[in-house]
Structures are given as structure tokens and as C-alpha cells.
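As written, the chains take the letters A, B, C and D, and residue 1 is the first residue of each chain.
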Amino acid sequence: MFPNLKRDVGFPVIGSFVLFLALFGGGLIYQTILSNGSAERLVTTMLIDAIIVIGIQIYIGNTGILSFGHIGFGAIAGYVFAVYAISPEEKLKRIPTAPFGLTDTQVSPGLAILIAVVVTLVFAVIVGIGLARSGAQSGSVAATVITLALLFVTHEVAKSWPELTGGNRGGISFAIGESLEGRALILVVLFASMLIARLYGQSRSGRLAIAAREDSLAARAMGVNPLVQQMAALLLSVVIVSVGSSLRVWQIGSILPDRFFFDYAMLTLVMLIVGGRNSVTGAVLGVAVMTGARELARRLGQDGFEVFGLGLDEAPLDWVFRENLNSVVLGLAMVGFMIWRPTGILEDWEFDQWLYRRFGRGTQTEPGRLAELDDVPAATFEASGVSVAFGGFKALTNAGMTAESGEVVGIIGPNGAGKTTFVNVITGMVEPTDGAFSIDGVDLTGSASHELSRSGLVRTFQNLRLFGALTVRENVEIAALVAKEHRTERTLRDVDSLLAEAGLWEHRDRRARELDYGNSRRLELARAAAMAPSFMLLDEPTSGMSDSESLTMIEQVRHMAATVGAGVIVIDHDLGFITGISDRIYVLDQGQVIAEGTPDEVQANARVQAAYLGSAADR
Amino acid sequence: MTIRKLMALLAILAMLAAACGSDGDSDTATDDAPAESDEGDAMEDDAMEDDAMAEESHSLDIDAVLAADLSNCAEAPTGDPIKVGMVMDFSEAAGFVDVPGSEVVPYVASLANCAGGINGRPVEVEVRESGADPALATQDLIDWGAQFFIGPPFADATLPMQQTGGGEYAIFAAASTEPTLADAANNTFLVTFDDNGQSSAAAEFALAQGFTRAIVFTEGEGVPYSGVNPDAFKAAFTAGGGEIVSEQTYAWFVDTDFSAQVNEIAGVADGTEVFFSAAAAFQVTALRAQMEGQGLETVNYMGTDALDATGIIADPGGEGMVHTPHTLLVEGTALYDVLDASGTLASDAPSFMPLYIDSMFLGIQGILDCGCDDPAGIADAVKEISSFPGVSGDITYAGTNGIPPKAVPIVVVENGANVLLDTIG
Amino acid sequence: MTELLQNLIDGLGRGSIYALLALGVAVVFGIMHLLNFAHGELITIPGYLTYWAFNQGWNWWTVVPLIIVSAVLSSLLIERVAFSRVRGASDFTLLLTSFGVHFIVAAGFLLYVSASVKPYPRPGWFADTIAVGSLNIEIFDLAVIVVTIIVLAGTTWLLQRTMFGLALRAAASDFDTARLMGVKSDSVIRGAFALSGFLAGIAGVFWIMREGQVTPTAGINPMLQGVLAALIGGLGSLRGAVLGGLVLGLAEVLLRSWLPVGIQNLTTGFVFVMIALLFIFRPGGLLSVPQVERV
Amino acid sequence: MLEVTGLTTKYGAISALRDASLTVGAGEVVGLIGPNGAGKTTLLGSIAGLLPIDSGTIRFDGNDITSGAPEKILRAGLSLVPEHRRIFADMTVEENLKIGGVTRSGAERAELLDEMAELFPVLRDKWDTPAGYMSGGEAQQLAIARALMSKPKLIMMDEPSLGLAPILVDLVFELIDTLRAQGRTILVVEQNATRMLRAADRAYVLRSGEVVATGTGAELLDRSDLFDTFVGG
């Protein structure tokens, strides 16, 4: 579940508690200074908003999919809670003809929240399947529209089913005995949501979801199935949003369709975005900042209100600051942050991780070098007769190759020779027109990317695809997490050792996107190695490197492969690099294998020279 | 003191104020009574004429307040202030009445203070925007010391207000006709008739004209306002022997393209005499044009207070439409002058303004009746108010669930102005 | 049968307006990947100007050009003030920026005009019909359909035959390469917003005529219909946007007519469910533009 | 004419160009060769304004055009035929050409269209066909013709022979010869080194983002270490 108990459980618990105290304490101070009922109510509202925003953060933050629909889930939960929790006498006033005999039903508020969560989860599963079907990934517009549709549909239904909901103007108002007295329950739920959100972010599932958010393709290549992780994040976030929404209804004491519609969806989104959508700390900060800004705006709109001796009644700008200034604040905050800081105040900075780096890590010593594995199970990769045609254009014709574990096999060819197409075929991105490939006789043709890597064929990318916002160590950890689940028959290497092995030890806590090029390449290699692959498929691992860097890279590739006992298939256009690294080489040109053999044999081949220096090369 | 005595007292005071007025404004006050009786409000006439006995003057004299001259005020009142909290909707559907409503009430309060206050007590009014969090606005006013509330007309704010005040504060849903909102047990009151009342009145009027075939437009089954009104009309109309020829649904406040509905009506509507809906003016005029476009020209259009609220008289297509406004404003009355002076006569729906004024006076009446300042006590007294001679008509809460049985004026739009046809109830 | 035909014509009329709105959304999306949730403001702003103009004693002959011109100018202004600052940002950022713009414009009218309905007269011929056999066809629907056909033809001519149109299409298909050819990014983006504003203006003329009133949130419905139609058709596809608009208009009218009386008011809900289903089975919309994933 | 000094460009962490310098004189055909990933495409992209430059200057006709917007650089007289051709697939051949001449007046554009139809007979035959339906060779000709439509003082070509059958590669080089004969100035990135060196007046060899050799085509052809340099021995 958690790669590192201290970092992923211990500090998040401490951090969440401090964060919780900060939010609640700040609220208490404000409340004490003003010591009136409205300050108290404002703080209560803020605490509940925080629960809902944290719930939304679990989904948006970890998957990168913008959702308007969480308030739609909130509406479902709110109504379910309301119709179960309110007393039959109250229901007789508003919904005397409720279906399913609900008019006469009443359960305890706690049980009503539970029912609300369960019912909402059912809808979440349906919506989640829809999202998955639509190919949702970070930033996808179609997914956002589906969530928007959910928001509108719940609103429509709530408005148009007055027998159950009391309709848009009648609403359900209720006394469930009494309204929500005291904050104990809210505080418990708030702390729990913070903790859950943080623990999820640090958990295996959260890590994999974040990896997919950062780079869906690379995550799939690391054996992550983003759709599963997105569903997990969705369900968890919906649970928290459901509980939060129930509390909101309970606190307000009534529910109407418009209370869980566009305006509230926008408010919660702005809170999340202002603070930093990828961070729980940011979500909490956003709630505090926006609550404060809106309250200030609300007050400024009132006659006679002053802050630091500044009031607006007589101010020359009075015409700008009239009532309902806070909806302007909302719009301006949205546009302003999108223009100047779309990632929010804190981006993805987490308080507990800062604490951990500061105080928790202690001194770490670089692990010793890893011995090369010599007792790995032998494996064979085989591709035969692979042909790909796009329309009339034949990108590959009858290409085939084999590779054994412990061997480095190079594939080379000039630009346009079909290398990329070949890679696309054996990484599951392009379905071959003809031909098949397998590992140890297990046919893998047509498998999805994440299935291929779980089967032992792990790739790197020509254009670096690291999980940029994650640290170097976390990048490797993600692969290790998947390996732990799916590569159990192999010897799994310790993450720290692999980092040391790749020469990244001193950089282990930097974000991957801050690395220079050579280190980025090495990180990609270490990440692939952490998957405990049978074969590593390296796509142009030296493009953009200087000669000397390329030479070092040769050593590293060989060593890293030996460390995890993997065979290597390396694709490059650089004949020098390929001849330096490979035991055997396949040369592609015009979509066909034109030569195969040892580096010396291949280099001596006239057709190869011709392909490289040009068709008329004759020297 | 019994309510009857109080009413008598009020009437006397009104006469006194008229007789002893020290300046020209007194004329307006005397004109007031006959003008209002022109509206056909028989109950009010009774109150006015029931001038049996006068007692000491620690009571509410609305006419005197309305007649106050701001340029010539009595000594400023020094007693404990009467605190009126207004939670108003400025930014959504109710903004069109709540914005002027929140101007007219402070204005009338200033008149009251000018007239020496209520029993020497000044009236203070504080307004809060209901905005995104009506409960917060309510709490703000509770902190300030509000003794009762004037609220916006829709449940989205009124329900949270109720909850915030723990049901102890009297809340006047000033501009609301929403029957489910009134809840005497939680001290929430309508000031005008409710939807069932205005629609049954419309049906009664239609039957009295000899109409027997009607089309009804409804938003959907049982949806408040746009659904309740047509349902109530249907019930009253069929009970009186009428027939509903066609019933259509539409999206309230949204649709203006009624092609599909008109296509269906066209098949069945021969000889239809009346059309009833609770739609907004811009919708009814669009629909009427489309109906007439399809050759359905003889239908009489009837609507609810929504027509008045959304400016039917401003719409050239509204000519001849019949509807039910809250009050019929008559030029030359004290009320008319007050609205004019406060700038709210020019607002979108001035016929709602008397409801706001009455809300304030009703609360004050509660304070006077209970002789107390605690919100719950005031609310209890409000519950017992009977035959209160409000500027919007007589108001009785005793024995109701918070909906006063009020007369419903039926008006027709003629030459861009409302003309009274009848008063029902 | 008559009713069905009548409904089909009405649906086409309604769909034509949606098509114009959707085309405007698609043009902007094609060029800068912005799904413009502030598109409805191009109806709201001219709507208020219409209200103002009638109070000044204007008539429809002068108001129609006012609507179109103000829609174009509003579109350009919004681009200048907000969208030009987030060019090239992620879809996520662009989408939320447009939401923010919508909020600010709506709040502006709320604060400085009023929350209430501002009415103005509809044109006299608004609901007149002409009889064709057993059908009574609204002149309004006919006008919408005819004008839409003309505008679409004009837009097609613009896109196919003029240098601006070519530049726009080139930039939509490959922005960098278009710039390499000398297409000015500023001009082409502003041109796209102007075109989008013009199309919204034409749609706005009919929309505003039919409404007879304007409120601060008047833009939400045209925006939703435009965006949804563009999505139904397939984002980025101009032909798809037009198709999506017609499909949406027909679906609304026919659904309202076919749904049983008790749930007719759920028409919008059904439309949304249908769109969600469409996305689930065809994530790209009806005429989806294939997206190539570069490795 | 074109003078590039000390150009350094980074893609995020990747250093794609290190202190690269080159010059192109009027009327010259200059080749830029080197293995893939050597930074050739980056160099052209940087000159054309497509890629941000970290340091270095680019002067053209005496004017500093460093970090100019692509459309400005084109207007200065530099046109790039991009790698992979990047023709506008759903626009017709004629429309593609017109876009190429977007900076020219209508009459001039019409003239240039005729000129291109003459120079590239293949295009004339497919005038109204969507460019996406053309074969690789045809598309390459279209891409070059499109670039010529702006009447550039200097035309840059990025891998014009990429993905073409040998017979079409011949065609591309014939085309370069034709253009040279017309007196045009050309800077070509090409991986077919031998052919390029034969076609070019001068050439630069790029490797790992650095210029490692320069000279006339003939000189470089005679360099015995070229193959090693080229494939990275």
C-alpha cells in the first residue's frame, strides 16, 4: 500500500493534524476576535466547504480531470440524506407524496449519511464507467463535459421531481430533531478527509493515478492502468463529497436544487484552483483564502463597514463595490489565477512532505552497488513477419527479430526506415497488419500497453516522458510498485539501490522535470529497470546527447540491464552508439530488415553504408 | 387590548392625523382612505369606518407615518430602537423586487422616525444581501439585534433563514405567493395571497365571464408557482363547470419558442376561450404571438402576478391580458406618493412595494401587541394579528397557517396600464 | 403527420440558431483549443444593447446591425482582455478562463443594470405564419433557416475562397506551419474571434428577437446549446458543429413532443443523458477529428 | 546573407544546440548534414523562429532576427520547408500554395501560382485534390513549392528526402539543382550526406549539437574521417 511508512503514513498523519489545527485554529481566532454568531457560522461553513473541496481534490488533483460533477454527486447525497433524516412531520409539509414510502421513513442522521454515501457511490460507479469508456485522461474535454452533464442532470431531476425533492422553490426544509449542533462531527469528518486525501495521495493507487496524470502514456508503459486508478480516486472522492454534502445540508437545514448547482460548483472549483489543485494543503489554503476574500467582499459591500479604517460608503470607488461583490471576486479570482498562476498558490506543495524532507528523513547513506544478476530465468523475445501499412503506404514489410535475455540487440536505420513503426507495434500502440510478437512463446500481439509492460517488455521514450512533478525517487517507486504486484517471479531491486546505480542518488529528491538531460535519460532507464523487466526496449536513448555522454550511456545501459537481468532491445539512429552497445544489430531501411549480425558484420555491409550515407554512397 | 379595539383606535388616529395635520401633506392622508376604497377593498372600508372609540396613543398609525414630511420632522425619537432585519436577494430571480424593496422599507422607517418614531422608539432597518449564504446574512442580523425579518420571496433564502433563527423569529416572505413557504409553526408568513388564492380567483373570474373552455400551461407536475398556479386554476375551473381543453408543459422563465406546444394545441383548440399560465410576461407574449400566428386569435389570456412582476404593461404584446397583481396603485394616494418619493415607483414591479411596507408594519404591530422585545414573543403576537389595515389590504394571521386571506384584484392591461376589472374574495 | 412535419421545421429553425452558435465555438476551438464557455456573453451584451437601444427609440432595422457589430466587438474585446493572456495554455486553463469571463460579465450586468428582466418589443412579424398545404410555417423559422443557409454559404465561401479563410483553416490544422508561411498569429486568432462573434451576432439577432427580454444570465442557454452542439458534432470539425446544432435542435423539439406528459419537463435532462451516452460511445462526437498521440 | 553566431538552444533539459555558427552567402546552396538527433532540425527551427533560443544571434541581410516570430522572419525573406513536410492535408494543392503566398498581393500570388504550376507539373495535375491524398514525393514538391510562394530570399529545407523512395530522392536533388540554377539561396538539412555534399556549394557537419566540420562539398567528400564522424565511430 505505502512504499515508505514514515514518509507516506507517519508524516501525512502529523501533517494533516497540523493542517487541521491551522484551519480550525485560524477559524477560532477569527471567531474569537469578532465573537458573534455570524463569524461562528462563517467558520462552520468554511470547515464544511473544506471537506467538500478536499473530496474534489482527491479526484481532480490526482487524475488531472476537471470535474464539475462532484457537486452533482453532492446533490444526490444531500437529497438522499435529507429524505432519510428529516422527520415525517416535516416531510408532510413539503413532500407529502414522496415515492417509495419515504414520507414515513426516518432514520438517525448518522445512518442517513451512510445511506447517502452508498446511493451516491452507485451513481459514481455508473459515471466512472462512462468516464472510462470515453477515454478520460488528464485534461480531456470529453470527460469534463460528462461531469458537467451529471451536474445538469441531477439539477434537472431535483427541480422536476418535487414529490421527492420539494422542487426548486418549495425545497425540503427540515428539523431532524434539531439542526446540526456543535461542530464535533464536522471536525472529525474534516480531519478524516484531510488524512484520507493525504494518505491516498501517498498510497499505491494515488501514486499510480498521479503518474497517469503526469503522463498517461508513460504510466501505461510502466504497467499502470489509469482507468482503474481513476475509478478508485473517483469513488474515494465521492465518499468524502457525499459526507461533506450531507453535513452541509444538515447545517443549512434545508436543501434546494440550486444549492448544489453551478454557483457552488464554481465556488468549490475556484477554492481548489486558487490554492493549488494538485495539493491537499493547497485545497485547504484555497478554502481559507477564498472564504476570507468573499467575506471581505461581502462586508465591503455593506454600508458602514470598515477594515483598517477603510470603508466603501464614501469611497470614490463605491460604484465598483456594491452588493454581491463576492460573485465578482469569484470570477476575477478564476480569470486572474488562470492568467497569472494556473497551478494555484501552492501548486503541488504538501506540508507534510516538506516536514518530512526537513525533519523526518534523517541522514541517508547511499546504498552499495548492486551485483549483477546471473540466475535470472532465460527469456526470449520474438517478432516475426511484422508488416504495417497505413493506407497504401507500407511502413514495415515482413520485419522480424529475436532477442534473448542477457543480450543487447540493436535496431538501427535512417529516419523514416520504419524503426518508430516497429517500436509502436511492439509497444501496443499500433496494431500490425500482419505478423506477431511474443515473449517465451506467449503471444502478446494486440495487448494493451500496460499489459505488455506487466508481461515483461518495458519501454522508454524517444522524447523523455518522465513524471515531471514527481521526485526522481518517486518516479522509480511507481515502477517498483507495479513490479511488486505484477512481476513477482523476478528478483525485484530496491529503489534506492537502483537510484544509486543510475548515479541519481544525490538528485533523488529533486523533481524529475528539474533534471538535466543526461540525468533524465538515466532516470528513465532506472525507472524501466525498477519494473524488473524481461526486456527493456530503449527508444533512442542518446538522442540529444554529446558523444562522451553517449559513451557513458552505453556502460550504464549494459550495467543496468545486467543488474535486473533483462535483455535489451535498443533502437537508435546513431550507428556509433548502436555498434558500441549491441551484441547483435538489425538494420532497417525502407521498412525492411536489410542486414543482421554483429556490429562488425553490419558495419562492413555495403547496403548499410549506403543507407547511411545516401543511396549513392560508393566510397 | 383586543384587536377590534386596536383597529378602532387606528381608524380614529387616522382621522385625527388627517384633521390635525400641520401642513399640506395632511390632504394626501385624507385622500388616502377613499382612494383605497375605490380598489374595492370592503374590509378596509369597514376598518376605516369603525371609528368607535379612541384610547391613548401608544399604537401604530400607518397613515400618520406615510404622511410624515421629511423636511419638517418631529423631535427625534429616543426610545430603544425597533430593529428590522432584511435579508434580500439582489442577484438572482428576486432581485427585481428585493432591490427596490430594500429601499422602500428604510425610507418608510425614516418617515416613521420623522413622525416621532413608534411610541417614541426609532425604527432601524439593516439590509443584508442573501447572496451565496442567506444563513450567514441572517446570523449577521441576529448579531446586530434584529427583532424580526423581512425576507426574500423564495425558499432558497427563506428556509435557511428559518433554520438560522431557530424558527423563533417572525419572517415575512414579503413578495412571496408560495403556499408551502408559509409556516405559522416556524413563524414564517406570507403578506399577500397565495398561489391557490390568486389562481382560483382567476378561474372564478373566467367562469363569471361565461368562459367554459381553457388551455393550461404548466411547468410540470406540482412544481411550485408555475405548476401550483395552473393546478389551482384547473381545479377551480373544472369545479365550476369549465373544461380544460389542452394542458401543455414548458420551461418556466426559459422557453420562448413554443412551436411544439402550439402545434399540439392547434389540433384541439377550436373554440377555446381562455388561456391560463403562470409564465413570465416575455413568455406569454411570445406564446400569444405564436398562437395567433397559427390562427388561434380568439383566446383570452390570463396570468398570475408573474405578469405584473415581469412587466406586462411594458410589453406591447400584453394588451388585453388579465392578471392578478398584489396591489393596484392609485395616483394621488399617500402610498403612491411614498413610493414615488422613495424612487421605487419607477422600479420593475412597484405593486410589490406595499408588501414590503406592510411587512415592516406587521412586525412593529407584533412588538406593540406583545409589549415585548424578544423575537419569539413578537412572533407569537404576529400569529394573532387580525384585520390589520395594511397598505396592501387587510391582513389576518390569526387562525391561518401564515397565509392571510386577502382579496385578489383582477386587472386587465389597457393602453399599457392596469385597469381593475373585479376584486375576488 | 402534419404535427411531425411542423415539428421538423420548428426543430430545424431552432437547430439553425444552434448551428450558428456551435460554428462560432468550433472556429475558436479549432484555432486555439479553447472551449469557450463565455460564448453566450456574445448574446448577453448585444441583448442589453438592444434593450438600451429601444429605450432610445431605435427600431429593429437599426438594432439588427447593432447586435451584429456589438457581438463582433465583444468577441474581440474578450479575446484581447482575457484569452490573449492564456494563449497556448492547457485546455484546463483555457476552459476555466472562459468560465471566469462568463462570471465577470454576468456579475457586471447584475451590479450595474439589474437582476430583473429587461423587456423590449419583438418585431411585428415575429409569429406570423404562411400556410403551405396543411402546414402553417412560421416566418421566423423560415427566416432563421434562410439566413442560416446564407450565412453558412457565406462562411463557406469565406473559409474556402478568401486568403483569410485559408489562413484560418491552415492555422487550425497546424498553427506553427501556418506561421512559417507568414500567417500572423495575432491576426488569425483575432479573425477567428471576429468570425465567431459575427456568427454569434447573427444567431443573436434571432435569439434576442425571440426572447423579447434580457437578464444577466441570458447567455447561459445559448452558450450551453452552442458548446453542446459543437461537442455533439465533434470538436474542431466545422461541419460537425453545424450538424451538431441541427441534431440538437431537432432532438429538443421531437423529445418534447414524444416524451410522455409527466416527464416532458425533463427534456433538457434527457438531452444531457443522450450527450453523455454519445461521448461514452464516440468520445470525439459525431464527426470526430482523429487525435494523433505523438510519442 | 544569413549569419548565425554561437547559437545555443535547449529543449527543457535537452541541450540541442551548443554554440553553433554558420553563414550562408547569396546564391549559395549550403548543406547541413549529420546524424539524426545532431541538432540540424533544431538549428533550422531556431532560425525560423519556431524554437526559443537560449543564446546566440541570427542576422539576416544585416538585420538582427534573433527570436523573431516565425511570421516576421518569413517576411524578412526566410522560408522554411519543415521536416515531414507538414502540408495542410485537408486543403487542396492550390489552397496550400495560396497559403504559402499569404504575404504576397493577389496579383503576385496568381503569377507565382502559374510559376509553380510550371515548375512542378505534378502539382498541376492534382491542383484541386486535397493535399492529404498525395504521395510522399508529390507532397514534398508541394511543400517546397509552398515555401517558394513567399518569394523567399533564402529557402531552408529540412530533410527534403525523408521517407522518399530512391527515385524520388533523385527528384528532390534535381529540384535543388534547378533552384540553384535559378540563382536561389538554399540551406538544406539532409541525412543523405553523400548526395548532399555533391549538391552543395558548402556544407556544415553537425554532431551532438555542435558544428564539427565545414568546407566545400568536395572537400568534405574527400575527408576520410567523414563516415566515422557521421555514424559516430
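Please note the rule applied: a residue touches a chain if its C-beta (ideal position, glycine included) is under 8 Å from a C-beta of that chain, and two chains touch if they have at least 3 such contacts.
Owing to the predicted nature of the structure, the values given are computational and were not obtained by experimental measurement.
Chemist: Going by the stated contact rule, which chains contact chain B and chain C alike?
Modeler: Neighbours common to chain B and chain C are A.
Chemist: By C-alpha centroids, what is the most central chain here?
Modeler: Chain C is the most central one.
Chemist: Counting only Cα atoms for the centres, state how far chain A is from chain B in Å.
Modeler: Each chain's C-alpha centroid was found; their separation is 55 Å.
Chemist: How far is the middle of chain A from the middle of chain C, if each middle is the mean of its Cα atoms, in Å?
Modeler: Chain centres of chain A and chain C, defined by C-alpha means, are spaced 34 Å apart.
Chemist: Compute the distance, rounded to whole Å, between the mean C-alpha positions of chain A and chain D.
Modeler: The answer is 41 Å.
Chemist: Could you state the distance in Å from the CA-based centre of chain B to that of chain D?
Modeler: Inter-chain centre distance comes to 79 Å.
Chemist: Residue numbers in chain A touching 2 or more other chains?
Modeler: In chain A, the residues touching two or more other chains are 160, 323-324, 327.
Chemist: In chain C, what residues contact two or more other chains?
Modeler: Those would be 107, 110, 265, 268.
Chemist: Name the touching chain pairs, please: which are they?
Modeler: A-B, A-C, A-D, B-C, C-D
Chemist: Please output the residues of chain A touching chain B within their complex, sorted ascending.
Modeler: 36-38, 40-42, 45, 93-94, 159-160, 162-163, 166-171, 173, 175, 179, 252-254, 256, 258-259, 263, 267, 294, 298, 301-302, 323-324, 326-327
Chemist: Please give the residue numbers of chain A that touch chain C in the complex, ascending.
Modeler: Answer in residue numbers: 64, 66, 130, 133-135, 139, 141-142, 144-146, 149-150, 152-153, 156-157, 160, 217, 266, 269, 273, 319, 322-324, 327-328, 330-336, 338-339, 342, 420, 423-424, 429, 461-463, 539.
Chemist: In the complex of these two chains, what residues of chain B are touching chain C?
Modeler: 89-96, 99, 219-221, 223, 247, 249, 251, 254, 256-257, 259-260, 263-264, 266-267, 280-282, 285-286, 289-295, 310-311, 314-317, 348-349
Chemist: Can you list the chain D residues touching chain C in their complex?
Modeler: Touching chain C: residues 48-50, 69-71, 74-75, 79-80, 82, 86, 88-91, 95, 98-100, 102-103, 146-147, 149-150 of chain D.
Chemist: Taking the touch rule as given, give the residues of chain A at its contact with chain D in the complex, in rising order.
Modeler: Interface residues on chain A, with respect to chain D: 393, 414-416, 464, 513, 515-517, 519-520, 540, 542-547, 550, 573-577, 590, 609, 612-619.
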